[in-house]
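Notes follow once the structure below has been shown.
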Amino acid sequence: MNPASCGTPAANPWLAFPVQITGITDETPGVSTYELQLTDAEVARNYRFQPGQFNMLYLPGVGEAAISLSGQSESGDRLRHTVRLAGNVTHSLAGLGVGGRFGLRGPFGTPWPMEECRGRDVVAVAGGLGLAPLRPAIDAILNAPDEYGQLTILYGARTPEHLLFEQVYPDWRQNGAVVNVTVDRSLPGWQGHVGVVPLLVDRMQLPDPENTVFLICGPDVMMKYTVSSALNRGVPAERIWINMERNMNCAVGLCGHCQYGPEFICKDGPVLRYDRVQPMLRVEDL
Amino acid sequence: MDRQERFLETDRLQTLIDVLTDAGYQVVGPTIEQEAIIYDEITSVDDLPRGWTETQEPGQYRLQQRDDEAYFGYTVGPHSWKQFLFPPVATVATAERTDSGWEMRTPDEPPPQYAFLGVRACEIAAIEVQDRTFLHGPYVDPIYRDRRDRALIIAVNCTQAASTCFCTSMNTGPRCRSGFDLALTETADGFVVEAGSDAGGRILEQLPTREPEATDLTAAETARQQAVDQITRRMDTTDIRNLLLDNLQHPRWDEVATRCLSCTNCTMVCPTCFCSSVKEVSDLKGDEITRERQWDSCFNFDFSYMNGGVVRNDIRSRYRQWLTHKLASWHDQFDVSGCVGCGRCISWCPVGIDLTEEVAAIRADAHQPEEQP
Amino acid sequence: MSVRPRLGVFKFASCDGCQLSLLSVEDELLEIAARLEIVYFLEASSHYEPGPYDVALVEGSITTREDEQRIREIREQTRFLITIGACATAGGIQALRNWADCDEFVRAVYPSPQYISTLSTSTAIADHVPVDFELRGCPINTRQLIEVISSLLKGCRPRTPVHSVCLDCKRRGNVCITVAQGIPCMGPITQSGCGALCPTYDRGCYGCYGPARQPNPQSLTDQLVSQGASTKELIPLLRNFNSNAPEFRRESDRLEGHRTDE
């Protein structure tokens, strides 16, 4: 897992590339997807990312935020980032609008293990905004159905109106994925599941657990219980991958902020194999 | 390389500084400031702490006069070479608003070319530890690299030890074995000098040295042995990685948290600690931005801040993070201990917390790991 | 910007030094005036306008009944209320009255004490109304003030460091004066902001910026006592500009309960 092979590390990791917002899609309350174009033609030509990687979005004078790539345009030259309004960077980003210009460093971090998924059943489990970093992996699998086994997407959100990318679930199903959705709290008209995501894992069809890869992204607690459910169903620890969030400051393993035990989440993660972090998940405040 | 030893008389030391200066180096060495021996730019042997030494205890450092005229008769002080290779504040990037967006750049001015005079064995080890962080990972830090590549290391072998020194436990000293360009051992009459690199050899050739007498070599060996003999502090490093990681819930963490100030001093004086944060510095209009990297510390409350709060929300978890990182997970990350046994964190802790004592306390009452099913 | 945000600067019990910091920024003052409409700032102009205010900078502590009422009125008319300086954020030096007989002070200071109507305490603004941001210091650091104003103009939430003075002190390359000279210094428990001014000149920090986040005052004072400092000497270090900040107040009260030197 050498990050240098994952993307195109700049000669100077502190150098930000200029980008321009080419489109904004409002997704759910407080969440929007920004489509960004690298404005330097040479940089744009060389830029490659893999599912699960992230960029540092840099608003000069405000700061940086680590945001996972949630996809790219059909033409491949526009990068999508699904962002929740949270701090100063995301609020400033929201203030820019289409045409707004700022900076980007990346791509950084480890990708989802697409090689490992090849020829196996894949279960993508997401909570809340955690579906965004999984989306490029889902797209990759559905774009090459012959190379992978059955794809199951298990997704939980706070309420039905917080369900991310809801408009594409029919396409995903059409392309062969099983999509199972649950909400913490129902709203009038909702006829689906109510409850936490790990329950979907407990109830799902899992014909060959030994040969099923789990890709999990969501809040720490949700990932912890999802992992337990998957282990209970007989999925080996080394087939479970989680996408962790920590404070990323430099994104290149030099600043120390995102350490989680021996891992630098920015360069050893964010995607980590569960057996690697298992002992640490038992300790609070690590 | 067969290391040839030469002898430089005490009163010719100035020629070393002059040769370095003529070769384009900015010489940084020990000098007295604010009642301590620190590292700063020097131009003359008069800047050196000749005739001075210090005593160190947990939470205490005091300058003292020696009864001889030794130039390097002290151990290590509050500074380390870290502040020159990994500056406390450095510009990593700039952004300037233009008609069509932002012009974003990284600085490209060449840094000073330093000659470090008086680098101790534990400090060479510390520089090599930081090399692994800043140079040998998948990403290279350009600020560190540019300074490190150009720096010349003139080591000085310790001839005495402080009560806080424990380099022998960490296998980093007190003798300088490698990693230097020149190494000096001070005796009553002068310096036994050896070159450790071609660059060092070229400097050595320009010095008015002579062949050392057998007595010079014996005196040097005796002086170096004195440092070894004076080291009393020990840290048992047997299986230390697992010892600490298996004892993350040890009651000692609660106990040390009642004493720890979480003030960051240990991390500031530590020659291997590398944590930093980038800060946006902007004019009021927000058109001219400088991205400043500053030393930061895992002891800071908001160092682990994420959306929704900080991860390490008490002193216990922050002290545990520091010590387990330094002595345990550093091995996983960089294949080396993060501790070189210099003892700075012991002396410069305002309340005198001693990591060797903390490790011993955990070891004395260690939890044995459960057998994994 | 079509409409400039309206700024009010208000004074309560204080020395005016923090307001003066705003006036003394000079280079940036014109820029601030161009981007904010300063509608209430008696220290700078006798012209003033009634609220509402987009931003209020509030200096000083609450020491009278009238001020208790006035701060509520300002709060009601203000969108983003920032308290500036140790008086406003912790009660200031005048909070020393909280440990004394206020009536006795009044009798000692004023020839006609019957005209003085005051509360027996001096308290922070946040003890009376919700505060959106606190800028610490005695006086405040103008650089930090500019950063706060600049953040607001960008639509960002201001953030100033909550770590100890020690971090700034060591970034400057200073030698720790407690360790090397035995000088009692509040730096390890005091919030950064001054750039470690006093320790740079071999003076112990006396806590102008109030307690750092999650400080450990007892460990520090225990250590200073063990090195020979007296509680008599330490209590005044905790009881000056930020005496009424909870962490400093608790520790000075604890020390007072353990006085050994009288």
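Residue numbering begins at 1 within each chain, and the chains themselves are lettered A, B and C in the order written.
Here is the rule we use: a contact is a pair of C-beta atoms (placed from the backbone, for glycine too) under 8 Å apart; a residue touches a chain by one contact, two chains touch by 3 or more.
Since this is a predicted model, take the numbers as computed values, not measurements.
With centres defined by CA atoms alone, the chain at the far end from chain A is C. Interface comparison, A-B versus A-C: the higher count of C-beta contacts falls to A-B. With each centre defined as the average position of its C-alpha atoms, the distance from chain B to chain C rounds to 37 Å.
Centre to centre, using the average C-alpha position, chain A and chain B are separated by 39 Å.
Between chain A and chain C, the centres computed from C-alpha atoms are 44 Å apart. With touch defined as above, residues shared between interfaces to two or more other chains in chain A number as follows: 61-62, 87. Multi-chain contact residues of chain C, defined as those touching 2 or more other chains: 154. Among the residues of chain B, those touching two or more other chains are numbered 282, 286, 296, 314.
Residues 151, 154-157, 159 of chain C are the ones touching chain A in the complex.
Of all residues in chain A, those touching chain B in their complex are 2-4, 9, 12-18, 20, 39, 58, 60-64, 86-87, 101-103, 245-247, 249-250, 252-257, 259, 261-262, 264, 267, 279, 283-286. Chain A makes touch with chain C in their complex at residues 61-62, 87-88, 91-92, 95.
Remark: chain C residues 28, 31-32, 35, 146, 149-150, 153-154, 162-164, 166-167, 170-182, 185, 187-189, 202, 212-216, 219-220, 222-223, 227 touch chain B in the complex. Across the complex, chain B meets chain A through its residues 92-93, 95, 97, 100-102, 104-106, 133-134, 137-142, 245, 248-249, 274-278, 280, 282, 286, 289, 291, 293, 296, 298, 303-307, 311-314, 316-317, 321, 325, 329, 332-333.
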